[in-house]
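Just below sit the structures, each encoded as structure tokens.
In what comes next, subunit A is part of two complexes: it sits with subunit B in the first one and with subunit C in the second one.
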Partner chain A sequence: MSGLRKYVSFARTSLEITFVYRAGFVLNMIGTIFYVVAMFYLWQTVFLGNPGSLGGFTWPEMKAYILVSFLLSSLLTWYDEWVMSQDIREGYVAVDLARPFDFQASRFARAMGPIIFEATSAVGVAAVVALVFGGAALPADPGRAALFVVSCALATIIKFGLVYCVSMTAFWTTSIEGIMVGRSAIQNIFSGALIPLVFFPDWLQSVAAVLPFQAMISTPALVYLGKLDAQSTAVAIGVQVVWAVGLLFLGRLAFRQAVKVVTIHGG
Partner chain B sequence: MPPLIEAHGLTKKFRQAVKEPGLAGALKHFFVRQYRDKLAVDHIDLAIEPGESVAYLGPNGAGKSTTIKMLTGILVPSSGSLIVNGLVPYEKRQRNARNIGVVFGQRTQLWWDIPVVESFNLARDMYEIPADRYKKNLGEFTEMLGLAEFMNVPAAKISLGQRMRADLCMALLHDPRILYLDEPTIGLDIAVKDSIRKFVRARVEEYGTTVMLTTHDLGDIEDICRRIVIIDNGKIIHDGDLATLKDTYARDRVIHFQLARPAESMAAICQKLPACEVASDGLRLSVRFDRFEHAAGEIAGAVMPLVEVIDFRIDEPEVEDLIRRVYLGQLSLAPGDEPELRSAKPAVVAEA
Partner chain C sequence: MAVEMHPNRSIVDALGADLRARAHGARRGVYLYFRCLGQQMKAIMAYETDFIVLLLSAVLVQLAGFAVIWAIFQRIPSVNGWTFWQVVMMYALIFVTEGVGSLFFEGTWRLSSLVYTGQFDQMLLRPVSPIVQVLAGAVGFNGLGNLVTGFVLIGIAVTNVPVEWTPGRLLMLAILIVSASVIRVAINLASAASTFWIRSPWSMVPMFVHRLGDFAKYPITIYSYAVQALIVVAVPFAFVSFFPTAWVFGVDAWSLPGLLTPLVAIYAVLMSVWLFRVGLRRYESSGH
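Then we have the complex of A and B:
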């Protein structure tokens, strides 16, 4: 496909910019490492009081869960959301629209560009942390590892889809920061980033099940740990596909609508 | 052959939020939103032939940028028809984008954080420009616009003049048939303005590129455009060629003299220059004259024997002034009306 080349170019350029902001990247990474270490000590204390397993998790499994959560949170940072909404708010979308590419595809490429770098760094950090804390559970077999990679890819697409939809609100509102903070808070709870969803009361678990957030962290983590049987895995990944496609589609719809009604400044 | 750009009854309506002043107003707006429609572009008809260079003028908020945004496919018209190069821009936005180059004076299309040349390379991939043509164009533009010195500097670190030249280069790398320039020389110094105008003029003359330009700078228009379209309040109020417009609406010049001593007799000067408006303010003296009736030298020759002149300068009319006159209809295109209408103009008062 010859049309693909420009998007590869977008991705490459975007990766280059990540290197320009290397100090920011490193600081962000250090911040996240502190957070992971804190989580480790917290759960270690919890497991010391409850030897064996807790909510079906053993301590090595919980360590793996925290690291998977860390890995997925390191991909597609707030930066993409911020840049996209700023571009919309300041009218730079006009510049993009006067050029021959698909807006959503270009933003997707720009978000994906740095991912190889983000993923490599995060896996490296996770490995070191796991070693320091006496190892973590690994996927039982290569097949499960492969399923985990697929699930992570889908989780990342869902995250992009969500971030894209949220950024679209910048067309209608000037207080995008509030919406970003809100999304991040809800996502932290319902994705299972803070604690596995099994620890939630039943009603909250039911709420989480119908939201897209659980497909962003909980699903890949459970696939990694083999907590789902073959059928449940298929269903969970199917749900991820539905969310990924659905959110991308919703984003396109929102964008088209926005372009139709929006007032881009200037006369 | 049909026109390259053809619009009929093109209209864009915006919804504006109506807010009452103060905290109460803001609170009220939070709960009950009120809007009113604003016609930014109001049923305009426009036909532009291939190879034309058109200045699209009007006061701020007149509808210039809105029109350009509809022509480029960024905005969807509220009503009316629009065909650009055989395409409806907002329906075939990407295909239309391949045929056009756009420079927004207020917004760069360069990537902020990376060297300028990387933005060009991105444009190469974006427009799928063949390697040999890209190399040829980039080499040529670099030479003509003097880009070499900042080619490897991030866009964030270059000056406004450099940025604008780079933006212009980027807009033309794919040899577009149509070039839209939205205030391309805003805030630039004379030398940069000059190089940009020369460059655009060369594109028009050598490649037959069709140019549509919005600007507040009469110099841009004179150097680049043959035809002038004026829009105000969303309506086109003038569409014609530049020479006629200037000969009719911009034939006045004002010559300002700086005097060593106040003029002794204004009457003597007025008598020598019956068709001119003479005004004085202490050590300043200004004469407004019609450049078809008098040469500037004649005026100077008439004034200088009567007063001691230290310095003088000549003012050309400004675009805003031109537009205002067209708008107010102070002068008619029929030459016969002229003497009567001339007297209707406000007297010149030399600036303090």
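Then we have the complex of A and C:
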């Protein structure tokens, strides 16, 4: 049990750090909220001109979609990724390498520490936005809501797996800032974060289908809205599991290679 | 630049001398600005892959936003009467002006940390306007990516609308883009100056204000009056994208305010410099 305890303390410390630097956290959320509100107005106008549904989405469903996307984007924020790559770049990682714990597991614990705080804040903000804009669609039944929570949990693990892999590039390059911005741009397109993937042409949808990004936002959002039948839901969640395990494994592989090349400043 | 009044000089001479001195001061300011910026460029060029990756990432961010607008307009012909290319023009103007801000005036983003750490003292000791030093304090190479993609989008947008391109109209387009960039940089400087009041390295005001620009990526007619007032009057982002677009594309209902853009630019510069100077008077070095 003591094995687990050290990771719990990583998580707790990380939560405390988030509280100390809560300004950074609030900043990140405000940054997204303006965009969310702008999208709400944009879609509101679009639906006013086209009553009924667009791409299979009604206005209340679209509102819910945007808010689910906002919620998932508020988990595991930029802060974790930045800290991880800076630790590598600045050489603090040397201390971690010398200590008796698993590097990936410790980073996972740190990333997950603030997650309840992030989730509750985001749900609160989303609820306010939904109320201002006259409500949004809710999951049809408790079973669907439970599936949504499972899908969100998997999406968060996938996000960690991806962020971890991206951070590993800091062992080889100093261009981490650009790589991170690029990662988030590609993710925004292919995850369905900005617009449901069904709005894209077929070829772009096919590309998105084979990438891990759609499992990060599109899948949980579609599960929430009940856009998938029982069989497709099972497949979609199965795909999420595969990506979660795959990316975690890839991260471990990258780390094993990385420690061979690592040179810490000062020799 | 104080001008001594000589008894045997007329007031006109004195004014002339004053103007010459001011012009000289302005020229020197511009010269020093580019000298400072040049040093920053050298620092960045030392890591060339970094800036190439940053540049490409900026292009990707823009394409992501463009993809959303494009996907929406695949389903519907217009939003509130605004066509695809008009909205693309607004979107592109936001990014072009952001590019100008990052590439040439990124230093505004560093002001709060300079004030917090006390490094700002150095700027006050040098015989150059602190505003020039702040503006030239950093280079954001991602801005080049924004500029290039933004101009490509503007180029495609203006060729896809039925507008007759007279030399006068082209000139006005150039004036509008310059004015929009000036407004953008003035907004950045003014919001950075908030750091003189809020002494925290994590000041949220600049980012908060910057993000308001998200609203101006789309036609302001889709918003409630409160949001419109916010981006037209309080923080004039509407003059960065919406009004210039309305003028260029001859949308009669909104094109007249578009002509005011250069005046708004002058107003924004005066306001931001004034705010900065008021803030500067409050400045106490850290540790006091």
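Everything below uses one rule, namely that the second predicted complex is superposed on the first by the 265 of 267 C-alpha atoms of A that agree within 3 Å, B and C clash if a C-alpha of one lies under 4 Å from a C-alpha of the other, contacts with A are read in each partner's own complex, and residues count from 1 in each chain.
Just so we're on the same page, a contact is a pair of C-beta atoms (placed from the backbone, for glycine too) under 8 Å apart; a residue touches a chain by one contact, two chains touch by 3 or more.
From a predicted model like this one, the values you see are computed outputs, not experimental measurements.
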item	value
Simultaneous placement of subunit C and subunit B on subunit A, clash or fit	fit
Subunit B versus subunit C as contact partner of A:Gly91, first or second or both or neither	first
Contacts of A:Trp172 with subunit B and subunit C, given as first, second, both or neither	neither
Contacts of A:Gly31 with subunit B and subunit C, given as first, second, both or neither	second
Which superposed partner A:Asn188 touches (first subunit B, second subunit C, both, neither)	second
Which of subunit B and subunit C A:Tyr21 touches, first, second, both or neither	both
First, second, both or neither for A:Phe117, with subunit B first and subunit C second	neither
Subunit C versus subunit B, contacts on subunit A by residue	C
Smallest distance from any CA atom of subunit C to any CA atom of subunit B, in Å, after fitting	8
Doubly contacted residues of subunit A, that is, touched by subunit B and again by subunit C	21
Parts of subunit C lying in touch with subunit A, wherever the complex brings them together	47, 49-58, 60-61, 63-65, 67-68, 71-72, 74-76, 78-80, 142, 200, 202, 204, 207-208, 211-212, 214-215, 217-218, 222-224, 227
Interface residues, subunit A side, partner subunit B - complex	2, 5-6, 8-10, 13, 16-17, 20-21, 90-92, 94-95, 97-102, 259-261, 263-264, 266-267
For the subunit A and subunit C complex, residues of the former touching the latter	21, 23-24, 26-27, 30-31, 34-35, 37-38, 41-42, 44-46, 49-50, 54-55, 173-175, 177-182, 184-186, 188-189, 194-195, 199-201
Subunit A-touching residues of subunit B, taken from the complex the two chains share	14-16, 40, 60-66, 69, 72-76, 93-95, 97-98, 100, 102, 104, 106-109, 111, 113-114, 118, 121-122, 125-128, 154, 180
